[in-house]
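Below, chain A partners chain B and then partners chain C, in two separate complexes.
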Partner chain A sequence: MGCGVTKTSEFNRKFDKAMKAAVLIQRWYRQYAARMEVRRRYTWNIFQSMEYADLQDQIKLYNFLGYLMDNFTPSKNEVCRDAEWERYFSYNNITVPDIYSGPRLTFPLDMDQAAHLVEAFKNKQLHSRYVLQLLLETWKLLRVLPNINRVSTCHSKEITICGDLHGQLEDLLLIFYKNGMPSLEKPYVFNGDYVDRGKDSIEILLILFAFLLVFPGDVYLNRGNHEDHIINLRYGFTKEVLNKYKLHGKRILKLLQKIFSWLPLVTVIDQRVLIVHGGISDTTDLALIARVDRHRVSRTNGKSHRILSSALSSDSEPESSEFTDTGNDEWKQILDLLWSDPMSHDGCIPNEVRGGGCYWGPDVTEGFLNRHNLQLIIRSHECKQDGYEFCHNRKVLTLFSASNYYEVGSNRGAFVRLGPDLVPYFVQYQATSMTRGLSFPQNVKRTEHTALKVLREQLFVHKSDLLSAFQEIDKENTGLICLNDWASAIERVLHLDLPWRVLHPQLVSSTTDGKLDYHGWFRDLHIEQTMLETLYRHRSTLETIFRIVDTDNSGLITFEDFRQTLKLLSAYLKMEISDEVINELVISTDTNNDGSIDIDEFMEAFRLVDKSRLERGKSLEYT
Partner chain B sequence: EVTETSKKSIVTFSEIHHFLLSDTIITETQKRISNAFDVFDHESNKTVDVREIGTIIRSLGCFPSEADLHDIIAELEEEEPTGFVRYEKFLPTMTKILLERKFRPITEDLLLQAFEVLDQQKKGHLEPEELTKYLTQEGEPFTQEEMDEMLSAAVDPDKNVILYKDFVSMMTFDDTR
Partner chain C sequence: MAPKKKEEPKPVAAPKPPEPEPPKEPEFNPAEVKDAFQLFDRTPTNEMKITYAQCGDLIRALGQNPTNAEVMHVLGKPKAEEMQVKMLDFDQFLPIHQHICKAKDRGTFEDFVEGLRVFDKEGNGTVMGAELRHVLATLGEKMKEDEVEQLMAGQEDANGCINYEAFVKHIMAG
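Right, the complex of A and B next:
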């Protein structure tokens, strides 16, 4: 008796046998762990490619949504002076009822009130009166801050830096628990992306702003790419605020729009370490960044918006020379700071995936650090499995503070401390009680399960395109297709860079003679009957559009608004739709005949439009 | 009745069949290798970090020891080690490994036998300390991280021992889908 894989040894000593048994168990376990690692890795790939693919579609719509915003928000006759805005945001006429049990703030805020807020947010919501008051004070403060925060580690202060939080309050609480709350002795830098995706974005903002007001010399906030009201429409922050603050949500959002535009762009520590949300490009110039009017620079100065607006206005006047190339440059500089990602090759190329910023290489880092006499770039913007990751010869550090970002168990979060020696000290964490009970393989399986569910939905959503692709290959209409063809068809249709052949055992339950019955396969994808294919693909976009058009947040839009929307959409998509057709569409959309259009009727209308376009052989692709 | 001629034609036919089959097998094998490689090719430039090689080989169903991996990696590295392995080098090496069926799987009963050997008092279970001692000190020792991971899946939370019979059947069942 012995382990069959090695030669039977002459020595039959227990020790020798035990050693062989140990080797066998080690060899086996390492193989098992490797297979778990691969599953974890492609699960990660799934989430990442879905995230970027989604974002890409959205960026294409960015300009259109912006234009729609300008047409439908009350700021059409916009007041120009800040004093007038302060009147609009006035909270004085908002009364707080006696039964309100949340924090009652008095200004100026102090440390105890800030700490009390943190505690209260575990189960309470701050009244809109105090929200507006706090935001107004924040806005006043931000307006006097420079574009570049300058921080020093003198007096032996260690500075704590946090990355993306994305509305995950539990992570912020965990950071404060492990590291202490911000104070004179404990300065913090927060590197953007406080909102969207997670469910407590407004609470995180209120906490950070409260500490900013109490310790303005020790709390530094950078702007992230999600501190943008159009991104918020799509990624959940707008929805969160409107749900939590039904009466004053719009006012709060408008004020936040201003606050976001006034957030500083970067932070520099000891003139040696740069902290910025996205990154840099080969043209990034801090001297230029220091000079821009950051709250004025926005997409409205950008070229593409200008073209769209003149195409759509019937009595178009030549654009004023306000929109010069300088406007374009400044916008690009800011986009680069907030959207760029590092890459491993030298060079600097536009970031097509994100639709803004660029990919920058180690040579660009080298050049930038030398020009500005810096030694390290700390950035966020990308989720990392261990919460942080170095690249570019340890000259660039990515820091991400939202743990379990894709799913429970998907990644750890991290924050970093820098003392006068500027050597980073990392603390990692994972904020959920659920992961603690799970073993490593259970963790992997759980995350994998979610990723695959999301992936199956995507496959189902593209059913008609996939079916056409399959039928193109299966010319004899046997209903069968081999796995190679299955994989290549999916690659062509979905444009998701995933290892489909490695994934296929998870997505395909059975094959006969190596061939897949693709009709049966669609049936087996187990999607609920109510989720209609064409709708789902565009659902989030349509929701966003509806929310923009619904200016009073009543859940209803007028016929006239709907007509306007269709006209704008058709102009943007370069579709020819006559007024007659539009009128017919509008009337037929109001299926319950109550004289206005609610979100369900709105969605239904687009399904009809989509289908007829499909019948004409076109697809609803936004250009 | 099998004549000489018919024997020859049978042989020829089966040789052709074998040749055709193995050609398909080679292509299928290479596709598998390519896909496994791609999972770790983060920059999409047909290179992977040398430290991932072990994981890739194991994900393709092989059970090499650490010593085996050490030899393979030495073969795959460049003249001047860059820390990366190129696909052009990896493919032929891995194809050979798969076609020759080196590093064959460890079956459930072999694994069970190994645990039984370690259970010298024939208790039917192992103490976590016992197993830890063997696996972190003998053979090709586990790191603390590897040991902790294995224990988290292996130790029965109520009795605080490793019921290895159940553990082995649970782990090997997981693989089949």
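Right, the complex of A and C next:
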């Protein structure tokens, strides 16, 4: 500037500069915030689609495992006469050592003992003697409960309703802390999925059952789709019980199987609000639901077949009555209640994703509410970012009580209170022991990191399918593919409906001229390459199969068991494995030559089977 | 203070047909824009529409950093009450995005550091956190208190000072 600069113009200049700087920073901040938001959203989408992708296989698996259980006769003797059930579940001969410092229960339970249990579970485990005793009492109580719990908000009582807990004890404790424990003045409805995935499923069950025993008129439990022994084999509850109760776990599980089948199916408040775990379908009929024998209705495929042992049924009457159309009809009604999801457009279509129940639209809600003179459906079954979400014109409420379900920081949990006016009052929370001290961006990054890791594993697991898809596009075998083709190929193979182009910077480390070297890309995915991808994909399945076959939970199965499993597998999958191949396999599987097969040898065997099938050009797919 | 002048964009009412793709501009991948657009679509039946209010965020998510004024300008200066109500579909959005992409002054690392240096009283590479907060909340396109908080979380040292080169790297790396 010239020599005539005044103080004011100097000041103005400085002010200008400051303004420009401020605007610049603000622009960058807004871009930063927008990017964070995108990352948060696609991370959420990844987790949701992963959960359902897993579920796509789940129902096939469920059917196969059911088939296996139905047709597998253990070579070891299993308790199978119902008259012996009382003896089998007897806890009287279990002594509790003096050294045991956990709660010592006396029956009938009272409020103090229940509260004491809640406190004790923060760092103690209940002794198996008391577990069995508590479960037996629970079983006795559940057997006299109707299929439909009916609750009223008279006496100006507010009812608290909770959704999925999935073994996350911290969330239940948080709910009790915020809302108080169940009591005469504080009735609760719990809407299923108490177990699996989280690590304290048994503790949650014991707490809920204890309060049920103490306040049977003020605690209501609905059955969820995870209250099912086959699902538990796959999603962690069986494992948890066997780990925590090495000696008596098997009995505890058997008893729980019966208890689950006796859990009521739905709860109705003031004849106006329906609470059910999954949802409804266009054929849901509460009058029919009220009449079914809920503990007898189970997975059948309508054909007549031997049942594993009457260990699976809860009393001694012959099961042949189940193989009728009514049997199928009742099973469908229950499946619909426990597995369905709402959708935004009208209609009712089978739920292919979950493989059970249906997707139901707003018109079905309308029709159902009118037919039954109800005004609201409260359900759970789906994780929601804020713990709850309305849909269908606020006639359907999804309520989810397991916070941080996918990963620390992924979502809040919520519970709802209903007073006589039946207007829902929500409380949201997030178990914060791990999220405390993390800022929002750190939370986003952390959750995103986990989501991407899971996504990379999925990509790796589908390597051969992806490779063929890429090679189909890259006809000249250059090994290169452009990003657009990469994205559409992945979507075709995985069907996850994710924004691949938005995600690609996170999944692809480098491109040359906008093209991706796909062989190199697979190498870069940084997955442990010690297992064949198919084994990796089916690892938990194989573990589950092993656990089914290992009926006495000894960790070992006999050659005969293994042989039978292979035969069943080959029949079900319509694979051809000849008897000699099976025999060879059986013997070669026992690598440590101890005359039995343990889980590691079992897994190895399937790797071998898979390899030889791959050599013959087929893949181990469930049909 | 008006942002630097750029070419006058046409209002949304008469959208230009999309420009032919210039050969080497990676931003113009309509498929990628569509993916991101879908992430922002909150309509209950997935109609592939976003509100005017979301437009700015989507453009930013795709890598641009327009000022709010630039966004409003390119949307045809809608009224405040229209922002949450008026919708755009993908074909209407694409030319808007392209316009913003062509703006030259995106601001580099150096520009950003220069901007912060203005507040570096002692010339030692740091700015006072409190002063920066005040500036961001009172000057230019003012930020709200929780936005400032989110931006500055964990950036100040024990004396309340921020090393701005590190700060800029933090923002730009995201």
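Just so it is clear, the second predicted complex is superposed on the first by the 551 of 623 C-alpha atoms of A that agree within 3 Å, B and C clash if a C-alpha of one lies under 4 Å from a C-alpha of the other, contacts with A are read in each partner's own complex, and residues count from 1 in each chain.
By our rule, a residue touches a chain if its C-beta (ideal position, glycine included) is under 8 Å from a C-beta of that chain, and two chains touch if they have at least 3 such contacts.
Here the structure is a predicted model, which means the values were calculated and not measured.
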Examine A:Gln271 and indicate which partner it touches, taking first as chain B and second as chain C; both and neither are also allowed. neither
After lining up the shared chain so the two structures overlap, which partner does A:Tyr32 touch, if you call chain B first and chain C second: first, second, both or neither? both
Can A:Asp16 be said to touch chain B (first), chain C (second), both, or neither? second
Report for A:Pro505: first if it touches chain B alone, second if chain C alone, otherwise both or neither. first
Is A:Asn243 in contact with chain B, with chain C, with both, or with neither (first, second, both, neither)? neither
Chain B and chain C contact sites that coincide on chain A, given as residue numbers: 14, 17-35, 37-38, 41-42, 45, 344-345, 439-441, 484, 499-502
Applying the document's contact rule, which stretches of chain C touch chain A when the two form their complex? 1, 3, 26, 29, 31-32, 34-36, 38-40, 44-45, 56-61, 63-68, 107, 111-112, 114-116, 118-119, 135-136, 139-143, 147, 150-151, 153-154, 171-172, 174
Would you tell me which residues of chain A are touching chain C in their complex? 14, 16-38, 41-42, 45, 344-345, 391, 439-441, 483-484, 487, 499-502, 514
Where on chain A is chain B touching in the complex? 1, 3-5, 14, 17-35, 37-38, 41-42, 45, 343-345, 439-442, 484, 497, 499-502, 505-506
Flag every residue of chain B that touches chain A in the complex, lowest number first. 31-32, 35-36, 38-40, 43-45, 54-59, 62-66, 104-106, 110-111, 113-115, 117-118, 120, 134-135, 138-142, 146, 149-150, 152-153, 171, 174-175, 177
